[in-house]
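The first chain written gets the first letter, and so on, giving A, B, C, D and E; residue counts start at 1 in each chain.
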Amino acid sequence: MISALKNDLESIFKDIQISAPEDDRLIINAQKDAVLTILKFFKDKGYDHLAMISCTDWIEEDEFELIYIVGSYSVYAPAAEDITSDKSGVSKEAAFNGGNILLKTRISRKDPRFITAIPVFENSEPYEREIHELFGVDFKGHPRLTPLFLEREYKIPPFRKDFDTRRYVKDFFDQIPFVENKEK
Amino acid sequence: MNLAQLILISLCGAFLTYLLGKASSRIRDTFAVFISLLLIIPLFCLYGKNEEITYYSFLGLPLILKITPLSWLFAIAVQTITSLSVIFSLSYMKGKERLDFYYLMLLLVNTGMLGIVLSADLISFYIFWEIMSWSTFLLISYNRGPALHAGMKYIVMSIIGSASMIIGILSLYVNCGSLDFVQIASFIPRTSSGYTLFILILFCITFGIKNAIAPFHTWLPDAHSEAPSPFSAVLSGVLIKMGTYGFILFMYTIAGLNIIINIGGGSFHYLISILAAITIIFPTFIAVLQDDAKRLLAWSSIAQVGYIILGIAIGTGLGFVGGVFHFFNHAAFKALLFLSVGAVEYRTGTRDLNSLGGLIKKMPITFFCALIGVFGLIGMPLTNGFVSKWLIYKALILGEHPFLAFIALFGTWGTIIYSYKLIHNIFLGQLPEKFSNVRKAPVTMRIPVIFLSLVVVVFGILPGIPLKIIDTISASFGFQPQDIQIWGIASETGVLNMVNIFAAIFAALIFVWLLFLMGRKKINIAQDDSYAAGAYVPKDKYNYTVDFYKPLSGMIKPYLRDFVDDFYLWLADVIRTFSDKTRKIYCGDLGYYISYIVLFLAVLIVLKMGLKIW
Amino acid sequence: MVINILEIIISPVLAFIIGIFFMGLFRKITARLHWRYGPPVIQPFLDLIKLFHQQGFSHGPVFDLGIIMALAGSIVLILFIPFGGICPISNSGGLLVIIYIMLFAPLGIALSGGEAANPNISIGISRKLILALGYEVSFLLALLALMTYYNTISLVDIVEAQDNYKWALFSPLALSGIAYFIIMPAMLGIRPFDIAGAPQEISTGPAIEYGGKYLGLFNIWHALSMFVYIALFVDLFLGGGSNPLTFFIKMLVVFILLTFIHGVFPRFRIEQAIKYLWKWPVIISLSGLILITVIR
Amino acid sequence: MDRNDIKKWFKSPDKMGDKYSLWAIYFCTGCGIIEIPPVITARWDAERFGVIPVATPRQSNLFLITGYVSVKTLRAIIRTYEQMPEPKYTVGFGSCPINGGMYWDSYNTIKHLDKYIPIDGWIAGCMPRPEAIFVAVTHLWTLIDQGKAKAYVKYREKYGLYRKNQEMALGKLDWPPLYTTGGGND
Amino acid sequence: MRELELYFGPQHLGMVGNFSITLKVEGDRIIEAAANPGYLHRGFEKLMELRTWIQNFPLVCRINVVEPDPMEMIYAMAVEKLANLEVPERAHYIRSIYLELSRVSSHLFGLWAYSNMLGFDTVAQWAMYHRDLVLDLFEELTGGRVYHIYIWPGGVRRDFPDGFKDRIVNTLHTIGGCVPDYDAAFFNNRLFYERSKGIGQISQEDAKRLGGVGQVLRATGVKHDIRKAESYAAYNSIDWDIHTREDGDAYSRIWVIRNEMIESVHMIFKLLDAMPEGDAYKKVQNPFKWKIPKGEAYVKIESSRGELGLYMVSNGGDKPYRVNFRTPSYTHGLTILEKMLRNASIADVGNIMISLYVVAPEIDR
């Protein structure tokens, strides 16, 4: 199953690197502009569940990595010969559900912009909102990039690697005096 | 001063006001107030008198004015409400156009109403009736725009009523030979009951339309909400009660108690009672759905008229006293409410219940007066509305009409529902930012309102004062006299002692207040410092007014459209198409016309010979 | 005269004690249904002591006046209701006055809540008034059946007519009595009809802004209204009581039944409550009234 | 427990009333709230001691701050605390409001709750057992008895300082000061 | 026309957890609802980057206070996957039993919250009492009532004590014996049906489109459960069923929860019977010096709320480089809740929210 998918992908999309480190996992590194198309491709293939969108701050490479994790709702029994013949190395579990697909793309850290995946997966809305808030990535076409969790504006979005939370605590919370102390 | 002079002064005063207005608006205003207040004095002096004067003779028919206890009561109510309305108009109407005309019409309406209650023959009755109807029409459509439509609706129905009255008058003239009430009253018992019924039904249509009773009510909501507020007070307070006066006149003065109770096997007065019950229940719940303060009050007026008619038509002394007293009370508190809403509209420029709120902080006196008015409307104890409703309920229960009593009592809960909505949406809740500069109502607006709320409360605690007068009226119609005391009513089937109740409530209030003072001292906080689930109250958005009774209105709305109004509109439509068609009949060919005439005559002859209708 | 004044003083005190006792018992019985030990029966009274010396916040004169008016209305109401022979001023105006004095409390609380300018309160009041519209149909029908059957509007007369075990509940008025009992949870505002003050939906509705003595007065009002509605049922359908003790025992039985109803139901939504109240109780009480008019 | 000591009730009804009728505001500020349902339900039944959860701050006199306080929650806590009528008691539940607990380095939780509102007592632990709440309640009784549970008086007296701290943590507050007097603006 | 903005939470008796919904209301219909999370945001994922692999265990279980155990499990699984650790067979069974016990306790908590929301105190109190019995088991096993930190990379911290199996069976029998009571009082109560039928209804397509998992999905008729689809621990070795309903409303969801709870109890019995002997854990190297090779992992399990996922990146150090949880309440509490609340009545806000089983700390993290 996974391997068939891999072949399909390689034939359709050019600029992608695909690896299948485990039986139930497919890792795809794609270019920025191909992401939505690939997501759509997966959706059409029956991978209709966007589990999450994550973001990793690779500060040394000066890039953000966006990870779209896609799974499938449809649970189907594997065809009997698929398991018995074991021709494509598909394990029982993987055949059972199509596994997880990790679609990764890198965007610049200086000017973090991307486009929203809402047209393909509607439930990407809060994830993108969260990434916008915690990493400062701007998603074009997102209807409301308003604050989700945080009350206050931070100079550096707090989940970036260069935001030192211990330092921040020292500079901010520890500066607030105790009420008794001020008495003296 | 005799009655003719009284009417004359009133009439001349009206025109003089108009003329003075050409000279100076200030003189006009003063004079209007003066003339309307002046007339109260002679009216008061007429209390208990039985004057009668023939002021003119027309075709050998005497035109008579006469004062009876009944007409005295109505005249006093009319004159008081009009005077207060004129006082209220001073600031309400300030700066509007055509004010001379407005005052003329207002005073003319007053003259018309006085004439109606004082006249003692059908011709004067009819003349004054028409004066009143037409000047009312002009006043309703005073604001133009949609008001014109409302006025049109009113006048069309009014004309139908007048036509019905004309037929009745002509028929009576032909059969009785006189239009004097006394003569007619002596004629009625001698005639057949079918004819009596016919006459009664004709006049009931007239009065029913004016009174806005169930199938004839459709003009009222539009008219009341579109008329200028001071006039709405007159309209709702006394003008529509001219129909009530007519009812009483025809049912008890002309036809007499015995006939009314026995006619048609007792079905006539019962039918009227059922109509009245319908008039109570549906408008009450339609009022719940209204979002326009004056429209809400208009529907409420229809419902309250239902109580009055129910009391009068049920045919017992208790009911009659209750009904007439309720007329009097309704005049007081409904005028009060219309004037309060008028004051709010004057200050805020809107009467939309969805956009007001929180005005208690800005207009406290208006609020308290409106609250008293609402209490009267609901019939809370210690207001006059309670006493009259109590009388009506008791009459219904002891008269073994439990279902009518149920409807009347249930209507009270509907009344609570809409009147709390009125109070809440205007005065309570969060004050919108845009009304933060609203000032309290001007003095000339507060005086009538305060006066009326005093009336509501005083007659609520001491109901004996007006009840005594009403009891003499009912006794004069042949009802069993009630044992009226100053503190209420004492009868073996149930005592109502308002002073006792007042004392109990007052003592309880004092006691609870002391209890309240016993607790730790309170601190006053701002309105914004309110529970908002841990957040600070959002300005301007923290108020529940829109669709106040959503769960209820969602359930009852589909059943509470004004089907009658729809029916009339449909009828009007049909008539229009029909007239379009009939126009083809008039094709201009003489031969056709002649054949029409012949056909018509033939039908008439057949009718005359074959069916002896009358 | 002296006895009358004494009765006027005693009956609210008695009602207060019984109401507070009922509230405590209510909490205790509910706790037992919950497999809990529960608070002491006098706990509501202890709460009152606390509340009266706690600070209160006032939103304005009407805020104060409303709650005072509500409680005063309840106290006056008690004077009108015969309590096993104690009936200070119940001959003034009869049942019709009682129906109207019952309005003081909801209107007072509604006005008071209105000035506090909190939408939750307004929603609670709106629900309360709609709910009242729902149960009032059967309530009025039941009362009218009684008044028609005994042909009087005086409550004292009705109680007297049921003397010697001629209880209305075991007469042709049984249907009305059943309807009254069905709507009683709605009148008392207990489950399944505690919609007006649903804490999980609108944070106790009308009582949101009450703190300190305001809440104390509110609780007293609640206790008194519990007393009033149950006492009215006992008077109307269970023949009152020859002395206060038998009257109290009858009240206790009715009260415990109501507490069990409270324990085993979740809460209605307001539309459902109205639909329910306009269906079964109305059918029963209407047929009761028709029966009365037919047999008379 | 001296709840049945009638003499004491006559002597100081205010203190006794406060002690045996602690109404706790229902506010799930943090994960400590998970132990509140057991406390108020059948297993432990806090209602035995008159402790019940109530819906709005106006009705309550006990504020159990259950667990860590994020900056956003702090705003709601201050708002709720200020709406409570006096006398009011606050108890910090769990380690986190004391000094930040295991979130000592989090950028979004405040570390010392008593910098912003006064606290009458703490319950340490993560998470404290339900019995700890009862211990806290009995301890609070003692404090009330001895007249030491006066945090709300402190808040009134040093409102200026508290308000300043609150504004430092939250930026501008959108409600007017609770006390106009009550200085501390040294 | 005046707009009404009403706050539902955070300080609200109908709100379980520190969460807020801003409602725009007309009459008593909700026009628009905006979920307002963040009251519990502690920045877990950031804090975990600053702590060693083992130090993170106390932190990770505090993400979801109602059922911390799946959090431990998923973190342990991710570490095992990155570090290529083998888990003994017995540990798999113990983990499964432990997770199912946690599911039972969590569902009882949900039952408390839901029936309390409907104003049904009696059942709420019973459920909370029974949950406490389960917590007693946890306490005996791990020493903590709420937070256990029992699952460990390479197994569990310690084996079952003597006679623990019997005590589990006893407790579960006690709870199971009350199921008829619950049914009579609550699940078959006409009023429960009236209050929840048709409330918060969502179609299967919508549930899939908006990312619904767990009961929300199963209540619409999708037979989807990670325990079956991508089996972990010992779930594959016993026979059990996925419970579904068709309507997708609150009523179906609560019924799914009820059936799942009973299924869990049966699963525990089966697992106890099939549990092999052996080690309950495998020794790992000194946790203070433990480094995990470079790599990334996405693991998912079925918590009692639905699919719980964890994406973890290691750059070869002694601390994780990036941790990101996919919690089931996230989409339920933000997207689906907002959609369901549109046009709902005010009376049903808490009803819908709790029937979705939203737990606020899971959203905020």
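Keep in mind that, in the parts below, contacts are C-beta pairs under 8 Å (C-beta built on N, C-alpha and C of every residue); 3 or more make two chains touch, one makes a residue touch a chain.
Predicted, not measured: the structure shown is a model, and the values here were computed from it.
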Checklist entry - Along the shortest chain of touching chains, how many steps lie between subunit B and subunit E? => result 1
Checklist entry - Where the centre of all protein Cα atoms falls, which chain's Cα centre is nearest to that point? => result C
Checklist entry - What's the chain with its C-alpha centre farthest out from subunit A? => result B
Checklist outcome for this item: Expressed in whole Å, how far the mean CA point of subunit A lies from that of subunit B is 72
Item to check | Chain centre separation in whole Å, for subunit D relative to subunit A (CA means) | outcome: 41
Next on the checklist: Taking the mean of the C-alpha atoms as each chain's centre, how many Å separate subunit B from subunit C?
Outcome noted: 36
Checklist entry - Centre to centre, by mean C-alpha position, how many angstrom separate subunit C and subunit E? => result 44
Checklist entry - Residue numbers in subunit C touching 2 or more other chains? => result 34-36, 51-57, 119-120, 123, 126, 199, 203-204, 208-209, 212, 270
Next on the checklist: Which positions in subunit D are in touch with at least two other chains?
Outcome noted: 27, 41-42, 55-58, 72, 75-76, 80, 83, 105-108
Checklist entry - Touching two or more other chains, which residues of subunit A qualify? => result 149-151, 158, 163, 165-166
Checklist outcome for this item: Chain pairs that touch, by label, are A-D, A-E, B-C, B-D, B-E, C-D, C-E, D-E
Next on the checklist: Going by the contact rule set out above, which residues of subunit C touch subunit E in the complex?
Outcome noted: 30, 33-36, 119-120, 123, 126, 191-192, 194-195, 198-204, 263-270, 272
Checklist outcome for this item: The subunit E residues in contact with subunit D across the complex are 10-13, 15-18, 38-43, 46-47, 50, 58-59, 62, 65-66, 109, 112, 124-126, 128-129, 131-132, 135, 145-147, 360-361, 364
Item to check | subunit D contact footprint on subunit B (complex, rising order) | outcome: 526, 528-529, 531-536
Checklist entry - Of all residues in subunit A, which touch subunit D in the complex? => result 149-152, 154, 158, 163, 165-166, 168-169, 172-179, 182-183
Item to check | subunit E-facing residues of subunit D, complex | outcome: 25-31, 33-35, 37-38, 41-43, 53, 55-57, 68, 70, 72-73, 76, 80, 102-103, 105-109, 126-127, 129
